[in-house]
Structures are given as structure tokens and as C-alpha cells.
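In the two complexes below, subunit A is the common chain; its partner is subunit B in one and subunit C in the other.
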Partner chain A sequence: MITLGVDIGSLTGKAVIFRDHEILAWDIILTGPDSMETGKTVTENVLNKAGLKLEDMEFIVSTGYGRIVIPFAHKNISEISCHAKGAHYFFPTARTILDMGGQDCKAIRCDENGKVTDFVMNDKCAAGAGRSMGIMADFLNVPLEQMGELSLQAAGDGVPISSMCVVFARSEVISYLREGVSKSEVLAGACEALASRVRGLLTRVGIQNDFIISGGIAKNPGVVKRLEQKLNTAANICFEPQIVGALGAAIFGKELAEKRNKKRSETQ
Partner chain B sequence: MILAGLDVGALWTKAVILKDGAVAVYSVARTGDMAEEAAEQCLNGVLASAGISRSDVAAVAVTGVGKKLIPFADKQVSEIVSAAKGIQYLYPDMEGVIDLGGESTRVVKFEAGGGIVDYAQNDKCAAGTGMFLDAMSKVMGIKVEDMGALSLQSTAEVNITSMCVAFAESEVVSQVHRQTPKKDIVRGIHKSIASRVYGMVNSVGLSEKNMVIGGLALNVGIIACLEELMKIKLAVPENPRIISAIGAAFAASQQGE
Partner chain C sequence: MRAHYGYADGSGEYYITIDTDKCDGCGRCESACPASIFEVIKDDYDDLKAAVKKEYAKRLSFSCFGYDKKCSQEETNCHSVCEGDAISHSW
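Then we have the complex of A and B:
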């Protein structure tokens, strides 16, 4: 059985091909202005990698912010459910999942089967989402993927960023830079601020081990390490934290296809 | 008695001279990140154009987010009080003020010529503030001062659903990509600001006797959207940006009595 999961986020599109119990291929691209095009492109890419055709996919599930515009999907499922499902695949002992993408942040609790039991989400304010890191990276002219490492070079917590709003924080950072504060200290302050905001969200849902981080933020050690310290627990991160949602969608596809096939054989 | 009022805002610093109960002169300058220097320059500017020497000034009162950065001021006045006092000084029968500033928005309700009854303030989030408008003007490549008139020509409804400036920026960019007419997008931006302000107006419960001040009061598009929501006509004073500076000086004069 081969299934496909497509996750269209605000900043990136992800696709995973799942065969039996393994990940056959995956791909990540930047989301363009057209979510449908992004879905098509990332699907073509992943099919090429696996050397398969769309017709070979027994079931296709879409998820994420742009999930409703994927015309070839058989079903769309919320990214909350997909992240829990995907996290459970990588870490069967997962009970609390933090998924932070560009435009939102979700704290999810799940049971031993990877089924969602509770969640809280912030999608209103960039200060608690990955976008805040993107804005700071752009502003400081530091590649996004390096900012975490760079922030860890600062001594201590860095400079405090007291503004909650990203837009106001940017003005605060300008004054720090004029005072001669180093980029690493500013980045440390920004990672610290984000980690604090995320801790608040996780506390609301309640943290139970094992703790998993998925989404782009898992690739930022500056935020991950600070969050681990605050929560006093280690975070589990899979080899490619951005594909967890797409993987969950593909696994849902497999379950749905099995159910459908069972029904078909019963009626025959 | 001659009094000086300074309003050190997030984006602009305003200075006024109150002389024998009348507003003598005023000036406006960018605050930048040297608030004290901007305030000093602004104050010297008004003194020079009024032909008054610093020693003739009985007191310098300061308000605005940067008020603590001005060591030479004799009195600090809260932004809530200065907005209310400024309106009371010029328009004694008013009962409320909506202050639309660069980094903060506030709504103050007071008794005509009397004390403050209630207020609401947003200074944590850029949504609904001048910074929101500035950010949108940049992504659209339209000058802030041109946005008001342009939005009045709008013929179709566009809604900017994101509250956050960072998210609204991407929303506006995708509207531009979709070739939505700019006048309609700009009106959508104004509606977003007005709806945030309206939330505060409702929480305070303003009467019909109120005025709009601050830099955004100069934007006719925002005023129109706010009027639509509040279902009343809104009055804007002649120089809406300097009202709080006047209010600071007026508050200082009352305290001195």
C-alpha cells in the first residue's frame, strides 16, 4: 500500500510518500503565492524522487493551511491531527507535541495511539510563531538557519527584548545595535523571548513526557535549547521535523484506504 | 504665564508654547532614537519662533512614550491625561478623545471639563496603530499621506483578516499579486485599524461628544471607516498631532495653580 500526504503551510509545502510502514520519499519547497501550484509542484517532486506516478498512490490526504485547495486529494485532515499522527510514528511514546511553523504555533496533547486529546494554538500574533525569527533574521541579515547557532554564542540570555510585538521589537533592536550590542546577543534575546512565549502555550495544554518538537522551529537550536531548559525536559526531534504533518497525512491515508478496502471486500 | 508642552511620541516629537492661555506656536520633528536631542531641538525651535527665551518659561511639561528620556522637563504627564486635557483646553464641552498614535492607541472618556471616567489603551501590539499603517504603506509603495484620499475612491470590499502586522503584510502582498485594486486594499487596511479602535471605543463607551487626535486622525479614510462603525460623525481638531503636547502644558498649569 502506497499513500501520499501533502502539507501546505504558510511558508513551505511538504509531501511524503508512505509505503507500508516506511517513508519512501519526501520533499519540501517554499510556498508560492498560489497554494494549488505549490501542492502540485511538491507532489511532482516527491513522485519523481520515488520514481512513482500519481496513479500509484492508493490514497492522498492533504493538510495544513492550504489543504482545501489540493484538487487531487481524496480527503483533507486538520494539521493538528496530522502532526500528532506523524509525531507518534517517529516517537510512539510522544504525549506532548510542539509544532511551530511560520504562521502558527500549536501545543498538542495526544494519547498512546497518537490521537489528539487537547490542543492550544496561536495563529493571531507573529510574536509566538516562526515568523518572528524570520523577521529578526532578515533584519539582522543573518541566514535563518544560522541564527540559532549564533544566538548560542552569546553569553547568558542576551539582551532582553521587552516588546511583545515583533514590529515594536524591531525598533527595540535598532537601539540595541546603535548601542553596540552584538548580533548574537540580540539573537539570544529574540530566541529567549520566543521560548518564553512558547512555554506559556505549552503550560496551557499541560506538558507530559515524551515531548516532541516539529515544524521549522525544531531546526533552531537557539530556541530548542532554551525551551528545554525552561521546561526542564529534553525535546525529541526527528531527522526532518518539517515533514511530520505531511507524514501524518500519509499515515491517515493508509488507514483510510485500509478501511475503504475492507468495506469493499465485505460488500463483494 | 508661559508654559511649554512636549509630546515625545514613538515616531514624532511635538512641542507647543502656551502663552496666557493661548497656543502660541508649535513644531513637529522625528523622534528617532535620540529622544532627548529631538525634544531639545523641538523646544528650542518653538521658543525661537515665538521669540521667547528659555528662562521665561515657567515649566516644561512632557508626555508621550519617550517622556522618561527627557531629563530637562519639569513635569511628566501621562498620555491618558494629556490627551484628555488637550481636548478639554480647546473644546471644553467634549467628553471623550480617541488618540491614534504611532505605537499606541488610546480612548479616554471624561466629564466635560472634569476628571477622567474611563480609558482603554493598546501599547503592546502594533495592530491598529500608526506602525500598522506605516508597514502597509511600505509594502504597497504608497505614501501614508496619500492613503486616506485613495481609500475614499474604493468601490469593492476587501477584508484584511490578519490582526498581526507581520501576517497582514503577507496578506496585503498577496492581494497586490492578485491585482486587487489598490484603493480597495487600502480601504481594507483602514477598516482593520478602525475595527481595532472601535473595540476600544466600545469598551470605554464614548458619548457623541468626542474628538479624534494623533497622526492617524489626519487620515480621512480611517476617520470614514471609524464613523461607519460608530455610526456618528467624528470631529478632528485643526492640528490633531499637537493636542497631547497642549494637554501636557495645560495639566502643568493646573497643577501649578
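Then we have the complex of A and C:
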């Protein structure tokens, strides 16, 4: 059985094709202003990679902010359930999931079947999300992919960034730079501030030993390392942390299709 | 599933927790809340469950008066009408 999961996030669109128990193909693109167009493009890309057609997909599930505008999806499921499902596929023993994307941050606890038992989401403001890192990286003229490594060059926690708001944090950063503080010290402070904010969310759902980080922030070792230190546990990160939600959607699709097929065969 | 709606900010922790295993989707909390912050929605497993409206979750400390401070003194509130005892507040 082949299913498709499409995750339209605030910053990127992701699609995963899932066959039986393995990932057949995946793709990530930036979300444009038109979510429906993003959904179509990312789907086309992933189908091309797998050499398949849309008609070959037995079930299609959409998730993420833009999940309701995907016209070819059979069902839309919240990103919380999908992330738990996807994370459970990669690390079946893990029970705590942190997903940090461009615009929000979710802490999820799941059971042994990958079903959500606890969740909390911060989508109130960008200060607790990946976007704040993007803004800092742009502002300091450091590529986003390198900012984590650079922040680790600083000794200790870097300079304290106390503002809860990204806009104010930026002014704080300006004053540090004018005082002659190095880029790595400032970045260390930004990563530290984000890590401590996220710890609050994780404490809310309860942290268990095995935990997973998904979403774009998992690619930032500056935040990951600091979070590991704070929680005193190692984080599990899969080979492509941004596709976890789309993968979960595809797995949901498989389960729903199996349920549907079973019902069909019973009525026949 | 315990769904925690809300946030912590500089002034404190503002979370409303709905235990969906205890919620039967009756909708009494919708009318009991003076600020109308609850709604009954279809969840990912197609069951009807109470939830905090999205637009209120982001400004919960301004929308909900808080259970300890205000609504616990009222005769009916979201806690008292809920037979399954599914709703709790952090403030």
C-alpha cells in the first residue's frame, strides 16, 4: 500500500510517500504565499522522485497550518497527532517529542502506540519558535545552518538576552554588538534563551528519558546541545527532522486506508 | 489526551487543561463560561471533544478570568458543569 502525507507549515511544505513500512520519497520546499500551490508543487516533486502518479496513492492525508486547503487530500489531521505518529516511527521507545518549526513550538507526550497523551503548543509569538533564530541569523549575517556551530564556539552561556519578544531581543543584540561583544557570544545567548523557553513547555507535559526533537530547530546544534544539558538527557534526531509531520500524516493515511478497506470487505 | 491550552509569560502560567479521555463532548462548558472560550470540535479520531477556541488560546490570561481568582466563587462554572471533571486551570 502506498500513501502520501503532505505537511504545509508556516515556512516550508513537506511531502512524504510511504510504502508498507518504509519511506519511499520525500521533499521539502519553501512555502509561498499560496498554500494550495505549495501543496501541489511539493506533491509533484515527491511523486517525480518516486516515479509515481497521484492516482497511485491509496490515501492522502494533509497536516500543518495549510492542511485545509489541500484539495486532493482525503482527510486532514492536526500536526500534533501527526508529529507523534511520525516520531514514534523513527524512535518507538521515545515518549516525549519537541517539535519546533518556523512559527510555533509543540511539546508532545505519546504512549507506546504513538498516540498523543499530552500536548502543549506555543504559537503565541515567534520568540519561542524557529523564526527567532532565522531573524537573529539574518541580522548577524550568518547562514542559518551555521549559527548553531558558531554559537558553540562561545564559552559558556553567552550574553544574557532577557527580552521575551524577538523585536526587543533584536535591539538588545544591537547594543551588545555596539559594545563589542562577539557574534558567537550573541548567538550563544540567543540559543540559550530559546532553549530555556522551550524547557518550560517540556516541563508542562513532563520529560521522559528518551526524547525526540523534530522540526527545523533540530538542525541547530546550538539549541539542541543546550537543551540536552538543561534536561540532562540526549536527544534523538532522525536523518531529516523536518519531514516527521508529513511522515506521520502518511502513516495515518495507511491506517485509515486499512480501516476503510476492512469495512469495504466486510460489507461485500 | 491532556490538551494544555495557554502559555507562560512574565506574569505567570496560564494553562487550561482538558482531559479528552474524560470529556464526552456534551458542550455544557460552552454555555457555562462567561467569556465563551470553549467550543466542541471533532478531534483527529472523529470524536466530539471540548477545546479552547484558537483565538482565545493565545490570549488566555486576558480572556479567561481564572478559576482560583474568579470563577470558583460562582455557583456554576466550567468545572462544576463538567460531569467527567475534565477541565482544570493553572491559575
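Note that in this section the second predicted complex is superposed on the first by the 268 of 268 C-alpha atoms of A that agree within 3 Å, B and C clash if a C-alpha of one lies under 4 Å from a C-alpha of the other, contacts with A are read in each partner's own complex, and residues count from 1 in each chain.
In this section, contacts are C-beta pairs under 8 Å (C-beta built on N, C-alpha and C of every residue); 3 or more make two chains touch, one makes a residue touch a chain.
Since the model is a prediction, treat every value here as computed from it, not as a measurement.
K.L.:
Looking only at contacts as defined up top, I'd like to know whether subunit B or subunit C touches more of subunit A.
P.N.:
Of the two chains, more subunit A residues are contacted by B.
K.L.:
Go through the superposed model and pick first if A:Val116 touches only subunit B, second if only subunit C, both, or neither.
P.N.:
A:Val116: touches subunit C, not subunit B.
K.L.:
For A:Val166, using the defined touch cut-off, is the partner it touches subunit B, subunit C, both, or neither? Pick first, second, both or neither.
P.N.:
first
K.L.:
In the overlay, answer first, second, both or neither for which of subunit B and subunit C A:Ser132 touches.
P.N.:
first
K.L.:
In the superposed arrangement, which partner chain does A:Ala25 touch: subunit B (first), subunit C (second), both, or neither?
P.N.:
A:Ala25 contacts neither subunit B nor subunit C.
K.L.:
Considering only touches as defined above, state whether A:Arg178 meets subunit B (first), subunit C (second), both or neither.
P.N.:
Only subunit B is touched by A:Arg178; subunit C is not.
K.L.:
Is A:Val205 touching the first partner subunit B, the second partner subunit C, both, or neither of them?
P.N.:
Second partner only, subunit C.
K.L.:
Regarding the shared-chain residue A:Lys124, is it in contact with subunit B (first), subunit C (second), both, or neither?
P.N.:
So A:Lys124 meets both subunit B and subunit C here.
K.L.:
Determine, under the contact definition given at the top, whether A:Ile70 touches first (subunit B), second (subunit C), both, or neither.
P.N.:
A:Ile70 sits against neither subunit B nor subunit C.
K.L.:
Return the residues of subunit A at which the contacts from subunit B and from subunit C coincide.
P.N.:
Residues 124, 164 of subunit A touch both subunit B and subunit C.
K.L.:
Provide the residue numbers of subunit A that touch subunit B in the complex, in ascending order.
P.N.:
Subunit A residues touching subunit B: 10, 33, 103, 124-127, 131-132, 135, 163-168, 171, 174-175, 178.
K.L.:
Which subunit C residues qualify as touching subunit A in the complex?
P.N.:
1-10, 15, 44, 57-59
K.L.:
Per the contact definition, I'd like the list of subunit A residues that touch subunit C in the complex.
P.N.:
It is residues 77-78, 81, 115-120, 122-124, 164, 200, 204-205 of subunit A that touch subunit C.
K.L.:
Tell me, which parts of subunit B touch subunit A in their complex?
P.N.:
Residues in contact with subunit A: 10, 33, 103, 124-126, 131-132, 135, 163-167, 170, 174, 177-178.
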